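What follows is a set of structures to go through.
In the two assemblies presented below, subunit A is common to both, partnered first by subunit B and then by subunit C.
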Partner chain A sequence: MRSLLATAGAVVALACAPAVQAGDKANRAEYPVFTGAYEPEDVDERGLWESFDEVERKVATSKDLIRDEGINQYMKDVLCRSVGDDRCNATRIYVVRNNAFNASMAPNGMMMVNSGLLLRMRNEAELASVLGHEFSHFEQRHSLQLFKRLRSGSDIASIVSVVVGVPLGAFFLLDVFSFNRDMEKEADVASADYLAASPYASRAAADIWVRLIDEDDARAEERNRRKRGRSTGWFASHPAPLARSEYLARATADHADDGDYGFERYGETMDPYLLTFFEDQLQRNDFAASKFILDQMGGDQWRPIHYVMQGELYRKRGLPRDLVTAEEAYRTAIEAGSTRPEAWRGLGLTLMRARNREQGAEALATYLELAPDAPDAPMMQMMIKGS
Partner chain B sequence: MRYILAAAAALSMTLVTAQPAHAQFGGLERTEVKEGYQIKAGEANILVFRPNVRVGAQTTGGMHEPNAEWTETAKANLIGAMQEMHGANGIELVMVPDQEGEMGDVVESYTALFGTVASAVLTHKMTYGNRLPTKKDRFDWTLGEGAAQLKELGGDYGLFFYTYDSYGSTGRKVIQGLALVLGGGLVPSGVHMGYAGLVDLNTGDLVWLNVDTSMGGDPRTVEGAQKRVAQLMEEFPLKAAGEPGEDPEGVVIVVPPATAEDGTLLPADKEGDEPASEATDEEDAE
Partner chain C sequence: MKTAKKLSLALATAAMAIAPAPAFAGWKRITTEATDVGKGAFVVTPQTEWSRWSRRPAKRGEIWTQDGFGLNMMHFIGQVGDGDTLFKDRKKKERPMPKVRGDMLVTDLAELFEASFSIEYDVTQFDIRAMEPSKLGSHDAIKMTYEFALPNDALTRVGEARLAKVDRQVYLVNFIAPELHYFDQSIEEVHVIMDTLQLN
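Now for the complex of A and B:
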C-alpha cells in the first residue's frame, strides 16, 4: 500500500516538475513573522553556544566535509528559498560525507547535512523541507529547551533516587523522549509553513517519509524482521515516519501540487556526487535498501550512471548470479555511452572474479587509460600482470 | 528486541548519578617524562596549540552545564599563569593563532594525533594493570618526524593542554549530603580534570605528559589559575643548564701558545678552552 502511495507521489511529482518556475506558484502563503537573527541570551544559552562554537571549529576542519563551493552555495540557496532571505543568513550549513539518513542543527546555528540524506532526496523541494525543519529547530531554540528539560528531569530523578534509595527517579526522565518528539513535530509543522510560503511544492515534505517507510520495508523483508516506521515507541526520538507523512500531508494539503519541485536543478547539482554517495551507502551492507534507493533514483529514466551503480551494487554483494547481473549492468552503461572510468573498473573486477581473466585485464587496462592517476592504479596494474 | 533496548535505555539513565567517585576523592594522577630529557639551553619557544578549556557547573542530576563566561575567564587566566611560569625559566610561549589553508590542516591533524597518542599513553602506560609489556619501562611515544612542519610557526616545542571543570552546584552538594546521610553512598560533586603534553618538534617525540583527574586551583581566579598551572606543569622538563649549542659548529679559535720570555712553552691554563664556546654563543645570537 505504501509503495503504491510512494509511486503515486513520485508520478505526481514528475508530472509537475517542469511546469512551474520558482516564484510564481499559486496560493503562496506568507512567511511566519520573523523576530530577527538572535544572540544567546541567558547563561545556559551562552554556555551552549560557546560549547558548540568549539565543536564547529572541529567540524569546519573535518576531513569528512565536502568543501566544493558549488554544492555548498546550492545548499545555502535552497535554504534561503525555503525559509526566506531574512532567516537563512543566521545559520551555516556543512555538508558531511556520512551515509546515514540524517541532518542536524546545533544551538549556535551550525547545520549539518549528511550525504546519505542527499542521496535519498529526489528533488529540491524535499531538500528544502528538510532544511526548513532543521532551521526551525534553531529558530525555536529547541536545543536549549531540551537541555533545560533534561536538566530538570535529571535533577528530580537524582533527588528521588537518593531519597527513596532505589533508582526509581529515572521514571522522571521518561517524558524527555516525548518532549523531544513534540519538538520534532513542531519543526515539521514549521517547515510545512515555510514550504507553503516558499516557491516549492508543499506536497514534497510528506513524500520523504513515505519513501523512508518503503525503504525500511525492503530492508525488513530482506532481513526477515518486523516492519517498522508505523508506530511511535516510548523511547523514539522522532515521531514514526508514518505519523510524519500523515500530518505533513494534512498540513500541506491546502498548498499542494502547484509549486516547484526543482527536479532538474537538484539532479544537476548532485550528479557529480551520486556515485560516491552510493558507494558510501554500499558500505552499509544493506542490499535491499540500497537497491530501493537506486530504483527510486532511476525511476523510469535510467541513465548510464544508474547502471554503473547497479553494477557496483551487485558486484559488491558478489553472489555467483550477481556477477552476471553486474557484468550486464556495466556493459549497458558503457554501451549507453558512459565515460566514467568506474564502469570499466567494475567490469574488469567482475570479469576477473568470474575467472574471465583476459577480458577482465582488458577492461582494467581501459580503466587505467581513463584514470591513470587513480589511487588504486598500482593494485590494478598488479591484477593485470597477474592475469 | 525493542523492549530490551528500552529496558537498557532506562537502566542506563539510572546510572546518571553513579559516576566514578575518583573525580572528587582522589583519582588518577600520573606524569611521564622521557628519561633525562631537557629543554635545550638558550632561547626556547614553545608553541601553544589552541587549548581545550571547558568550565561549567554540575547540576543536581550530574549534567554538565557549560558556562561561557567562566570558560573565557579561565582560558585567559590559565594562559597568563602559564606565560608567567615559563617566562621565569626563560621560555617563551607562543600562542598559535588560527591557521588557514594547508597549515590549518597540518595543525588540525597534529592536534588530533596528539590526542590519539596521549590517550594511548593513558591507556597502555599510565593505567597500571593495563600496561603493555613493551611499554612498561619505556616512555617512547612519538608523533613522527613530520611534526617538524610545525616549527614554521616559530617554535621548537609544541604544548597541548586540556582542562575540564564542572563545579558542583548547590543542588549537587545537597544531594551529596543527603546521600551520605541516607546511606545512598558517595555521590561525587564536581569534576576537575586536566592533562598537558609536550612534543619536541625536531623529532616529533612526546617528551612529557601529565594527567590529573582531580585537579586543584580554581582557574576562574588568577591565583587559582596559578595553582592549577603549577599542577598541570608538574615535572615539566627542565631547561638544560649552561650555554646554548651543545655541539659547537666547527668554530675554532687558535690561541697562540703562551711562551716565556726565553721562548719555551708554558703549560696551558684553563681559560684557554673558553673562547670557543663564547664564539658559538655569538653565532646563536644572530
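Now for the complex of A and C:
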C-alpha cells in the first residue's frame, strides 16, 4: 500500500483562501463516472477494511501525526478540488512528520501524506496531482486485488512482503499492500484524468518526477554514488521517475489546458510549516538535495522564510565559506521583513562561529526578545554572557 | 510452479533479506563498581546494575540498558575528534553521518547530536524541550532534553543528552526512554552518572 513519492510543504487557514472557480479552466474535461459511495462489496473486502480500520486507529494516535486543523482541512480541500466533492468525502487524510517523499493509500479510505512530500511540492496543482494519484488506488480497489493475489499464493512478491513485514507489527499491512508497477501507472493516468477535470493545470503532474530525478542526481553527486531514477528495476514497486514523467507528460498533453496552479495559496498555507519541515530534512545530513529542494521551492519568488531556510542550510554545514552565505541569508530575511525569531538566532550563532562575538551576542539578544520562552533561552543567555 | 514451492522460494528470499541482522551481538553485566567505558574514554560508577551491548555505536562508545532498548538506553560516546562522526558511519552512501568540526560552538554540538541521533535511529520527529548549560563530569557541557518519534509509533519517547568538548574532542552521554514510567524510573541515577563520571 505504500505508494507515491513526491515533494513539498504545509499550513493553515486555507478556509480563507479564495476558492478556485471551476469555470476558470478552458478545455475542461469531465470527471470519470462516479458510481456512488465506495463501500466494501464482499467478505474479502469487508475483512480488509476491518484490518485497516485497526491500522488507522494506531495511525490516529501516532506520535508523529500532525494534528493541526488548518493543514488537515487544507489537504481535504485540495483533494476535493482534485477528484470532485462527491468522491473525496470517502477518505480521511493523515499528515505525518516524516522527511521522506511519500504518500500512501489504504483500502478503507485512509490516506497518509508525509511532510517531506509537502516540502517538495511547488504549488497546489502538484499536490492535487499526488492526492488524486493516491485516491485512484482507493477507487480502483488496488489493495483488494493484491489481497486476492496474496491469498491465492500466485504472487511471490506479496508473500515475501508478508514475511518481511511481520516484525513491523500491525503496520506490516502497509508493506504487504505495496502496489505494483502496473497499479502505479494506472493511478498516475487516473490522476491525470482527475486533474484534467479539476480546476487545476494538468501540466503540473509531470514536473514532479523530473524534479525527483534531479534531486537524487544532486544527492548522488555529493555522495559519489550511482545516479538513479532513469530505469525501472526488476523488483521496483514503482515505474522509474523518468518513465513516469514521460507518460504523464503525454497524458496531460491530451488535456492541454490553462488551469490554475495555486502558487500563492500553497505558499500562504505552507509558510508556517516550511521551516519545521525543512529542519527535519536538514537532520538527514543531505546538503545537496536540501539545497535543490530549497531552490525549487523558492523558484524566482523567494520569500523571507526561504532565506531563513537558506541560512539554516549553510550554517548547519558550517564550512568557513558557508558562514558567509548563511550570514547574508539571515540578514536578507530580516531586511525582507521576516519576523521569525529563528532568523536572529541563526544570525547570532553564525556570527559567533565566525568569531564576531559582539554582533553575535546582539543578534542573540534580539532572538530572546522575540522568543523569551524559547526552550534554548538559558543556553543562549550563557552564550551572550560568555561573548 | 506449485504453490508450496513458490512459498519455499519466497521464504528463502525473505530469510536472505533479513540475514544482515547483527550477528554475534551479546551482553555483559555492568556492576556497581568503577568501570572503564568506551575503551577508556570514560570511567563510570553506576548505582545499579546495567547490561552492556557488545555492539559498539562508535569506535570509543558503548550502549547500556536496564530493561531492554525499547524501554531504556544509555549511550556513552567519547574522544570523537575533528573529522570523526559521533555514531559509526555505517552507510556512507545512503545515510552519511555529520562530522565533528574543530570550530563548532557548543550549540553546534547539540545540532550535531540531533542529526546524528536522527539518522542512527530513523527518527521522524525530534523536538527540543530544553537546552541549557550543564556539566559532564567536571567539564562544561550543554544539556538538552528532547522528545522524539519513531515511524508509526504512538509512544512519546524522551531523552536527555549532555555533550562536552574537551581538548578538541567531543564526549556524549545520552539517555532515552518512553516518557511513560521508564524515563522517570532511571533519570535520577542517570543524572548521578553524568555528574560523577570521569572523562579521559
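The rule is simple: the second predicted complex is superposed on the first by the 331 of 387 C-alpha atoms of A that agree within 3 Å, B and C clash if a C-alpha of one lies under 4 Å from a C-alpha of the other, contacts with A are read in each partner's own complex, and residues count from 1 in each chain.
Here is the rule we go by: contacts are C-beta pairs under 8 Å (C-beta built on N, C-alpha and C of every residue); 3 or more make two chains touch, one makes a residue touch a chain.
Keep in mind it's a predicted model, so treat the numbers as computed, not measured.
J.: Tell me which partner A:Thr61 touches in the superposition: subunit B (first), subunit C (second), both or neither.
T.: Once the two structures are laid over each other on A, A:Thr61 reaches both partners.
J.: Is A:Asn89 in contact with subunit B, with subunit C, with both, or with neither (first, second, both, neither)?
T.: neither
J.: Does subunit B (first) or subunit C (second) touch A:Asn99, or do both, or does neither?
T.: Second partner only, subunit C.
J.: Between subunit B (first) and subunit C (second), which, if any, makes contact with A:Arg284: first, second, both or neither?
T.: So A:Arg284 only meets subunit C here.
J.: Of the two partner chains, subunit B (first) and subunit C (second), which one does A:Asp44 touch, if any: first, second, both, or neither?
T.: First partner only.
J.: Starting from the residues of subunit A touching subunit B, keep only those that also touch subunit C in the other complex, and list them.
T.: On subunit A, the residues that contact subunit B in one structure and subunit C in the other are 61, 153-154, 156, 159, 163, 174.
J.: If we count contacts the way the header does, which residues on subunit B are in touch with subunit A in the complex?
T.: 2, 5-6, 9-10, 13-14, 16-17, 50, 52, 54, 56, 59-63, 65-69, 71-72, 104-105, 108, 171, 175, 178-179, 182-184, 187
J.: Of all residues in subunit C, which touch subunit A in the complex?
T.: 3, 6-7, 9-11, 13-14, 17-18, 92-98, 101, 103-108, 110-111, 114-115, 118-119, 123-126, 128-133, 142, 149-157
J.: What residues of subunit A sit close enough to touch subunit C in their complex?
T.: Answer in residue numbers: 58-59, 61-64, 96-99, 153-154, 156, 159-160, 163-164, 168, 171, 174, 223-225, 280, 282-285, 316, 318, 349, 352-353, 375-376, 378-379, 382-383.
J.: Applying the document's contact rule, which stretches of subunit A touch subunit B when the two form their complex?
T.: 40, 43-44, 46-51, 54, 57, 61, 150-151, 153-159, 161-163, 165, 167, 169-170, 173-174, 233-235
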